[in-house]
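Okay, so subunit A shows up in both of these, paired with subunit B first and subunit C after.
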Partner chain A sequence: MNVIEIINLTKYYGKARGIEKVSFNVEEGEIFGFIGPNGAGKSTTIRTLLSLIYPTSGSAKIFGKDVIKEGPEIREHIGYLPSEVFYYDNMRVVDLLKYSASFYPNVNKNRIFELAEIMDLDLNKKIDDLSYGNKKKVGIVQGLLHSPKLIILDEPTSGLDPLMQKKFFDLIREENKKGATVLFSSHVLSEVQKLCTRVGIIKDGAMVKVEDIHTIKNSNYKKFNIEMKDPVSVDYFNFDGVSDLTVEGNSVHFIFSGDMNTVIEKMVERKINNLIVEEPTLEEIFIHYYEKEA
Partner chain B sequence: MKRNLFNWQRFFTIIKKEFIQVKRDPISLRIPIVMPIIMMFLFGYAVNTEIEHIPSAVFDQSKTQESREYIEKFTASDYFIIKYYVSSEKELSELMDKGKVKAGLIIPASYSTDLSRNLIPQTQLIIDGTDPTTARTAMNSSMLISEVYSKNLKEIEIKKLGTSIASLPGVSLNSKVWYNPNLESSRFTVPGLVGIILQNITIMLTAFALVREKERGTIEQLIVTPIRPIELILGKLIPYIFIGYGGFLFSLSICIFWFGVYPEGNIVLLLVLGFLFVISSLSIGMLISTFANNQLQAMMVMIIVILPSILLSGFIFPMEAMPKAISVLGYILPVTYFLDIIRGIMLKGVGFDFLVHDIIALVLFTIFLLSIATLRFNKSLD
Partner chain C sequence: MNVYLQELKMAVSSAIYWTIGLLLMMTLYMMMFPALSKDVSAIQEIFNNFPPEFVKALGLTTFDLSNIIGFYGYLFTYILLIGSVYAMKSGISVLSEEVRSKTSDFLVAKPISRNRIVTAKLMSVLTLIIIQNIIYTIGAFTVAHMIATTSFNQSIFLLINVSLFLVQLFFVALGLLISVLMKKIKTVLPITLGIVFGFFIIQMLNQSLDDAKLAYITPFAYFDAADIIESASFDITFFILNMIIILIFTVLTYFIYNKRDMSSV
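After this line comes the complex of A and B, so read on.
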C-alpha cells in the first residue's frame, strides 16, 4: 500500500519554477530517500505535501486522502522535522513540547521524556538559551512525540554532531521498525545510503529517477585530489571509472566509481606529495550519473 | 467517519499560549494602557479648533484717543493679543516675515479727523495666510469687531438726530447651540478619540501578532499539526478582542471621568456597538497581516489605513467640507460610522432609531471585512 502518492505535482512561484510534474510513491513501512542538490525542489514537494503551500497543478495523497481536502485528518499522523526550526521566545523546552503535544489526540506525555533522554535534551532550559544543534533536537522530539505513522524529514541532520546524527538515525530506524513510514530528504548521498531502502532523485524541479538503494550504493563515487611529486600526463589517470579528470602540472583531480584498488595501484607506481579523497557533491555525482545514463 | 470540525482542546491551547505570549510581550501589554493616555491627553488638549490670542502688531499713525479706543476693541475680543506697536509698515512686514506676529492692524493718520468729519476711516488688517485656519479666524473676527464698533458709532450719531437704530428696519437672528452649547472642541474630539484609539489598538496588535508568527516561521509549526484554520484564527484573535475592548473601556473611562463628557444616551448600546467595532477593526488587522510578510511591512500598510481613518472619517475635519470624491472615501472606513455612533450616543443622546443607518453600515462592513480577512488568511495559511 502506498502511504504517499504524488501525481504530476507542479508548483510555480509566480513565474519561477518550483517543481514540475513530480510523480512518485512511498510505500508503507519503507524509508524513502528524497535526494537532490539545493534548489532542486525537495522542500517545495514536502511543503506541498504538508499543505504549507498550494500546488499549481497535480495532486498528492497521503494515506489515500487528498492533502488539501483532508489536510487536518492526515496531519494527525504526520511527524515533520523542517530543515530550519523556529520557536517562540521565552518558552521552556518542556512547555513548548507539551504545547505541541496538545494538538494531537491521545499523546502519551511520557514519550516526550523518553525522546528527550535519547536525544540528550535538557527539557528545563529556555529555548532562547539553546544552541542550534539543541534546537534541532527539540524539533526532532516535537516531530516524533505523537508516534506518527508517517515521518517527513527535510534535511534533518544539519546542526547535529556525528554522535547525535547516529542516535537520530537509530531513532528513525526504531520508529520504522514499529511501522512508521519515512520520507527522508537530503542532499548528502552518504546519509541517504545509510538509512534508506529506496531513493528518489530530483533535479531542476523534475524527478529524474526512483532507484533501489543497492543500485546507488554500487555507484560508489569518490572525489580524488592528488598532488604528484612530478608532473604526470593526462593519459596516466584516464582509465575506466574515472570522470571529470583535470590535470594541471602536478595537481590531478577526478571522480572515480569502481574498484578502489585500481586507483591505489596507479598511485603506488608514482610518488605523491599529498592525497585527499572526499565525498563528491551531489551535483558532481549527478553529472557523472546522468552522463552514464545517457 | 467524519471527524469533529472544531476541536475545543486545540482552540483553548492556542488561546492560552497567545495570552502567555501577550503577557511576556511588554509592548502588547502596555499599548492598551499607554496609547489611550497619550492620545487622549495629546488630542484632547492639543486639538483645539478655537483660535484665540493671535499675536498681532499695530501701526497706529493716528495716535489719538479714538484710535486707541478702536485698538482696545481688538484686544478686548480675546482673538487678538497686541505684542508690538510699530512705527512703519516695513517694521510690521519684518515681524510678519519672522513669524512673530500673524496679524498687523494699520490705522491711518487721518483716523480721528475722518471720524469727526463723518467720513468712514479706512483701516487695514494684514493677515499671515500661511495657516488658513488662523487667517480665517483673524479675518472674520476683525470684520465683526469693526462692524460692531461702526454700528455703535452710527448709533451715537443717529441718537444725536433724535431717533434710534431700533426704529430702522432689520432682522434679528437668535441662534442657539444644541448638544455642545459652549462649542468646546474637546467635547467633539474626545469621544471621537475613543473610536480612533479602539481602532488603532486592535488593528496594530492583531496585525503584529499574526505577522510576527509568520515572520518567525512559528506559524508553519502550527499548520503542520492537525489544527484547523478556524481553531487557529479564533484562538489567536480572541485575546486581542479582550485587549482591544479593554482599551476601549479604558479610553471611554478617561473620556467620562477626566474630560467630563458623560454619555447622554444609552451606554449599553454604545458598549455593544463598541464590541462590533472591535471585531471590524480586528478584521482589518487580520487583512493587513495577509498582505505583509514582516512587521515592518505591516507597519507601512497600517499607516495607509490609519492615516485616512484620522483624516477622512470626520474625526477632526468635517466631511461636509471635503470635495465629494474625497468624502466618499471616508464612507468606506468603518470608523466613520462608529464616530457617528459614539458622538450620537455621547453628545446627542440619540438611540438605535436615529443611528440605524450607521449601525447597518457598521454591521455590513464588519461581516464583509471578516469574511474577506478570514478567506485571505485561510488562503495564506494554505
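After this line comes the complex of A and C, so read on.
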C-alpha cells in the first residue's frame, strides 16, 4: 500500500519554478530518502504534502486521501519536522509541546517526557533561550509526540551534533519498526545511506530517479584509480561506460559501469604502475546520475 | 479551542495595558469637567479666536461642553481613536504574527483547517475587545456618576460607549483583511497608525467641509457622538453600512487565507 502518492505535482511561485511534474510513491512501512541539492524542490514537495502551499497542477494523496480536500484529517497522523524550526519565543518548551499535543486526539502526555529524556532536552527553558540545535530537538519531539503513522523530516539533522544524530536515527528506526512510514529529505547522502530503504533523487525541480538503495549501491559501479607507467591521452580511457574521467599526467581516475573486460583489455595494452579499484560512495554515484540524467 | 486559548494568553497583557490607558485618559479628562463647565463661556471665547474651519474640524462646535454628556461626547472622539488603534493592531497582528515569528509551518501543518485557525484567532480578538468594552463602559459610567452634578441621560451615554465597540469591529475586520492581503508585515504599528489616522483625518475634513459624501468612507463618522446626543439613537444607514463592510471584509479574509501559500522561512 502506498502511504504517499504524488502524481505530476507542479508548483510555480509566480514565474519561478518550484517543482515540475514530480511523481513518486512512498510505501507503507518504508523509510524513503528524498535526496537532492539545496533548491532542488525538496521542501516545496514536502510543504505541498502538508498543504502549507497549494500546487499549480497535479495532485498528491496521503493514506489514499487528497492532501488539499482532506488535509486536516490526514495531518492528524503526520509528524512534521520543518527544515528551519521556529516556535513562539515567549513560551517554555514544555508549554509549547503541550500546545502541540493539544492538536491531536488521545496523546499520551508521558511521551513528551520520554522523548525529551532521549533527546536530552531541558523542558523548562524558554524557546527564546535555546540554541539552534536545541530548537531542532524541540522540533523532533513535537513531530513525534503523537506517534504519527507518517513522519516527514525535512533536513532533520542540521544543527544536531553527531551523538544526537545517532540518538535521533535510533528513534526514527524505532518508530519505523513500530509501523511508521518515514519520508526523509536530505542533501547529506551518508545519512540516507544509513537509514533509508529507497531513495528518490530530485534535481532542478524534477525527479531524476527512484531506486532501491541496494540497487544503487550494488549496481556495477566501480571507481578506478590507475597510475600509468607513461602518460596517456585523455581519449584513451574515454569509452562507453566511463564517467567522471580525469587524466593528469600518469594518473587516471574514472567511474565505470559495464563490462569489466573492456577496461581490463585497455589496461593490458599499456604498462601500469599501480591500480586501485574501489566501491564508489553514494555521493559519487549521485553525481554520476545527475550528469547522465540531467 | 486550544488555538483560541493560546491566542488569548499571548494577547491578554497588551489588552490590559490598552484598557488601562483608555480608562486613565477618560478619568483624567472627566476630572476637568467641574472646573471647565463653570467657565464654558470663557472657553467659547477662546475658540472664537480660532479659524472657524479649525474649530469645526475638532468637533468643538457640535458639543455643549457645559453638559456632562456633551463634555464626554467631545472626549469620545479621542477614545474612539485610541480604541481603533488597538482594534486595528489586534486585527492586523493576529494572523500575520505567525508569519513574523515564522511559526506558520508549525500551526498550519497541524490537523486544523485554515478556517478554524481564522475563527479561533478572530474569536480571541473579539473576546478581548468585548471585555475591554465592558470594563471601559463600567468605568465611564462610574466616573460620570461621580462627577455629574445633575442627572444625565443614561441610554444616550450607553449608546455613545457602544459605538466604540462598533467602530472597533470595523477596524478588526479591516486589519484582518490587510494582514492576509500583504505578504509579509514586518511591523504592525506603523501601518495601523497610518490607516487609523488617515480615517481620522477624513473625519476631521468631513466635519470641517460639511461634505456629506465623506462620511461614508470613514467609520469615525458612522456613529457621530453629536448625532447620537441629538437623536438619542444610531443612524440606521451607517449602522447597516458598518455591518455590511465588516461582513465583506471578514468573508474576504477567510477566502484569501484559505487560498494562500504559507511563505517559507
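By our rule, the second predicted complex is superposed on the first by the 219 of 294 C-alpha atoms of A that agree within 3 Å, B and C clash if a C-alpha of one lies under 4 Å from a C-alpha of the other, contacts with A are read in each partner's own complex, and residues count from 1 in each chain.
Definition applied: contacts are C-beta pairs under 8 Å (C-beta built on N, C-alpha and C of every residue); 3 or more make two chains touch, one makes a residue touch a chain.
Here the structure is a predicted model, which is why all the values come from computation and not from measurement.
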Fit or clash between subunit C and subunit B when superposed on subunit A: clash
Partner chain(s) touched by A:I53 [first = subunit B, second = subunit C, both, neither]: both
Touching partner for A:Y132 - first (subunit B), second (subunit C), both, neither: neither
Partner chain(s) touched by A:N90 [first = subunit B, second = subunit C, both, neither]: both
First, second, both or neither for A:I78, with subunit B first and subunit C second: both
Contacts of A:S43 with subunit B and subunit C, given as first, second, both or neither: second
First, second, both or neither for A:I68, with subunit B first and subunit C second: first
Contact residues of subunit A, present in both the subunit B and the subunit C interface: 50-54, 72-73, 75-76, 78, 80, 82, 84, 86-90, 99-100, 102-104, 142
Complex contacts: residues of subunit B adjacent to subunit A: 3, 9-10, 13, 17, 21, 24, 216-218, 220-228, 382
Sites on subunit C touched by subunit A in the complex: 2, 6, 10, 101-106, 108-113, 116, 259, 261-262, 264-265
Touch list for subunit A against partner subunit C, complex: 13, 43, 47, 50-54, 71-76, 78, 80, 82, 84, 86-90, 99-100, 102-104, 142
Subunit A residues touching subunit B - in the complex, by the definition given at the top: 50-54, 68, 72-73, 75-76, 78, 80, 82, 84, 86-90, 99-100, 102-105, 142
